[in-house]
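Chains here go by letter, A, B, C and D, matching the order in which they are written, and residues are numbered from 1 within each.
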Amino acid sequence: MLNKLARWSRIRSPWVLHLNSGACNACDIEILAALTPRFDVERFGILLKATPRHADVIIASGPVTRQMRDRIIRIYEQVPDPKFVIAVGACALSGCVYRGAYNIMGGIDQVIPVNMYVPGCPARPDAIIDGVVKLLGKL
Amino acid sequence: MTDTELIEKLKADLGGKVAEIAHPAPRRLFLKVAPQDLIAVTTRLRDVYGVVFLSTISGVDNGETFEIVYHFSTPETDFNLRTEIPRADPHIASITPVIPGAILYERELQDMFGMIIDGLPDPRPLVLPDDWPAGNYPLRKDWKRVRPEEVIPGGKS
Amino acid sequence: MNFQIPIGPQHPALKEPISLRMTVEGEVITDVDIRLGYNHRGMEKLAEEKTWIQNIYLVERICGICSHSHATCYVQGVEKLMDITPPKRGLYIRYLVSELERVHSHLLWLGVAGHEAGFDSFFMYTWRDREIVMDLLEMISGNRVHYAINTLGGVRRDIDEGQKAKILKGVATLRKRSEYYFYIGANEPTFVARIAGVGYLSKESAIALCAVGPTARASGWARDVRKEDPYAVYNEVDFEVATADSCDVLGRVVVRVKELLESYKLIEQMVKGLPAGDIAVKAPRKAKPGEVVSRYEAPRGENIHYIKANGTDKPERLKVRAPTLANYPATVEMLRKGFIADIPLIFAAIDPCICCAERTVTLIAAGSGEESVVRMSDLRRRAITRHQNAPVKRNAVWPL
Amino acid sequence: MAALRTLLYLVIYPGLLFLFVYSTFCEWFDRKVYARLQNRMGPTHTGRFGLLQPIADFVKLLAKEDVVPEAADKRLFTVLPIIGLAIVSTAGLLLPVWNFDLAAPGFTSFSGDIIVVLYLLSLPTLILFLAAWSSTNPFSTIGGARVLTMLFGYEVPLVLAVLSPAILADSWRLAEIAAFYQAKPLLLLTNLLGFIVAVIAVQAKLERTPFDIPHAETEIVGGTFTEYSGKKLALFRLTFDIEMVVSSGLLAAVFLGGFPGGAVVGFLHFVVKTLFVIFLLSLLRALTSRIRIDQVVSFAWKYLAPLAVLQLLVTILLKGLLS
């Protein structure tokens, strides 16, 4: 019963933290656009939170740069359990056009475990919302 | 003042300091100067011709030499100062005292080509990420990189 | 009380990673150190390994907000190197997209400025209207952000009469809304209280530090590449360079809104005067050896690409300087002596596009960078002298 | 029996459970109004019209991992949210909704309870400061300093504004003040200025835009709450929601004529009037941008405090005229 309640609440109120690890801004802007009136993710109870401590879901965008790698791990560790990671955009998936550049470590999944991949360059806000909702549906 | 008039004036004014003035396209002047004359020419351009805006500094690796191009612009025309320094001894004087906005671009040169900019007000060594190995300058042509192995999570790798 | 507060690399005010290390005394910033490199991807090296046409898509992904700026700047340079002239219709469509992009970028910026000031309603309103221009761009190019409409020798997609009508209709709506935002931005008392007199940058410092774009124009320095170095179609259309001389964040808001209105004018002229004909010519695979300096006025300021060809199908050197990088020294200047509360606003006021600035650059140091132990009394004495020497008395009065 | 009644009173109605449900409803109302003002829908999919959204948030936070930072004072860090919740809930018991009987003052309705409510409402600020200070995070520390700085700004105008109707009514008991204005509703108009001052001060007390300086997202991340997570954060959020209910209830009791008509009608009055105050607060939140800390203090002392004093003068003059 309690577990059911906790699961229900988790599905209903995912608070997200936006993490940019060297993206080209396009995905970030689309993530932000998902907050705005046309897409309005607050309908699903999704709120963008400022600090990792309050977040449940990390929405990560961009290829991992060498400089960001340790910070990403640190931020991931700061998020209290249970936590989920959504990789948004082609760069976060594999590195996109930057794959193979000297300062790129590859996709986000090279550094932290990823629960959901949202492809697209950049992923549309609709796709991002769909990604979050699908992730929660899996719970 | 048209570009041709300007070239004449520059030739008369700067004389021996400028080796050649190329004019490949409208509003684009390429001036070639010796490294030791760089400061003098920049100061002269700033004081007399009102060239205060530095767009950027490009470095090019030409094998034996490094070519540095300073892109200045004024509302009338663009001045591109070109100078070459030997790869073995890549020293060049800083123009930051003349044009304060140049500091970023000079630090970039130091970082990417391993040139040594003399007289930089803030010469903290520039390394790419914090853990970048010393002595690696990514934009040199002979610098090659070994791509780290990627792991496919949950896959056969 | 002397703190070191880190802003970034992950911080709600910054949508991109950068690290600003602020030394603060109470609420006042005493020193700023900007550390870049979190977004450095090594794009210039990568560009040397790709062909001319592949590089269009690479430079487009330097930045997601001004993607068209980089692509256009690159393409117009390469076209000069290859000695081809795109047809007029292609050029008109190319710069039509670039003006639409300017509109989307400035609307985005207005929203972000509102968000940084805690004015979320403003953010929501401007972003709602931004969707109009996003729809137009999607209609023209097929994608919301990376339009990929440029190709060597022209553009890849044509526009028809129906699309023209839609663009004009969208622009008419946007113009009405922008005037309203202009009114709000300059009149809402709490918002004006936050932005007036904040982030002062005098004209002299703007010139000395080589500031570009709206940052320079808000300091009264009327520089616009479209005007002073008119490329492609800009000598055929009529527009004005928007300036302000209040030298603060309010001035930058005003400049950007004025530029929005100018852009609407440009879009209408371009749509109405769209010539008939082809949209592209065929480009050769290789470029002759040579070099070219290509300048372009991006939404954030002057964008400059230096391209050197060596006769193969790959560039010898592609140097990209994005406007944000040119504005960093000015930002450091503006941040000093500000309040903590002003950091996001001042930083946002240059419309930072960190990913643009960081394709190769790594570390910029402002300030002395010394880490020495200072005694409390010493600090207090310094604070007092600083207050006495502070040039601009901050406008801390509530202007109702 | 009496013990059981007291227990019911404390835990069910109007104690914790009722306050919990009602405050989550108020948070939903606030979020919905805020979203509608921004052209958005607000929560829609959790329960009917998204009514259960704040409860889902609360339960989710309860079920999350609880992180206590290494450098923090663990006992203080843990106990503060509970104290804060206890304080505001106690303040909630003093509202004259549940004990409207003028003739029988009791534990929760006595002469001077208006002062006690004001006092209890200013305590959470201190709790917040301690919480921020004990997290030892630079952002929290700055947030804590800002909390205290703001306290000096809004507290005096709030007290002055709330006290002037009490002076006119010649009573220090909330139920009696409300009864006085129910008898002479026209006199409420004389307190309009005080009401405006009090609404702004309450907005500052609740740390909402334009006064959300202590946890200004874009400046100092989470501010006071940066290091709080899980259960403690849930309790803090609940504390703020209940504080919002109690302060709007206080304003309703003092400025809007209280809650006449016995248990049921009085309760309806309570709901309508508190929602009205919360609507005003949401409106203020949507229409303004965050101001700077120095501007808050100068605004409070240059405009709010003089206006509150003016209101006090008007009240005293009026009282002289009436008597």
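Definition applied: contacts are C-beta pairs under 8 Å (C-beta built on N, C-alpha and C of every residue); 3 or more make two chains touch, one makes a residue touch a chain.
Given the structure is predicted, the values throughout are model-derived calculations rather than measurements.
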Quiz prompt | Comparison of B-C and A-B by number of C-beta pairs in contact, larger one | solution = B-C
Self-check item: Relative to chain D, chain with the most remote C-alpha centre
Solution: B
Practice problem: Provide the C-alpha centroid distance between chain A and chain C, rounded to the nearest whole angstrom. | Solution: 26
Practice problem: Return the distance between the CA-based centres of chain B and chain D, expressed in whole Å. | Solution: 61
Quiz item: Could you state the distance in Å from the CA-based centre of chain A to that of chain B?
Solution: 39
Quiz item: Residues of chain A touching 2+ other chains?
Solution: 36-37, 50-51, 65, 67, 100, 102-103
Quiz item: Among the residues of chain B, which are close enough to touch at least two other chains?
Solution: 128-130, 138
Exercise. For chain D, jot down the residues that touch at least 2 other chains.
Key: 38-40, 217-218, 221
Self-check item: Pairs of chains found to touch, sorted by chain label
Solution: A-B, A-C, A-D, B-C, C-D
Quiz item: Can you name the residues of chain D that touch chain A in the complex?
Solution: 31, 35, 38-46, 50, 52-53, 55-60, 62-67, 217-218, 221-222, 225-230, 233
Practice problem: Going by the contact rule at the top, pick out the chain A residues touching chain B in the complex. | Solution: 65-67, 100, 102-103, 105-106, 109-110, 113-114
Quiz item: If you look only at chain D, which of its residues touch chain C in the complex?
Solution: 37-40, 138-139, 141-142, 145-146, 209-210, 212-213, 216-221, 286-295, 298-299, 302-303
Practice problem: Would you tell me which residues of chain B are touching chain C in their complex? | Solution: 24-25, 27-28, 52-56, 58-61, 69, 71, 73, 75-76, 78, 80, 99-105, 107-108, 111-112, 122, 124, 126-130, 138-139
Quiz item: For chain C, which residues count as touching chain B in their complex?
Solution: 37, 40, 42, 44-45, 80, 207-211, 223, 228-229, 290-293, 295, 302, 304, 306, 308, 316-317, 319, 321, 325-326, 328-329, 360-365, 369
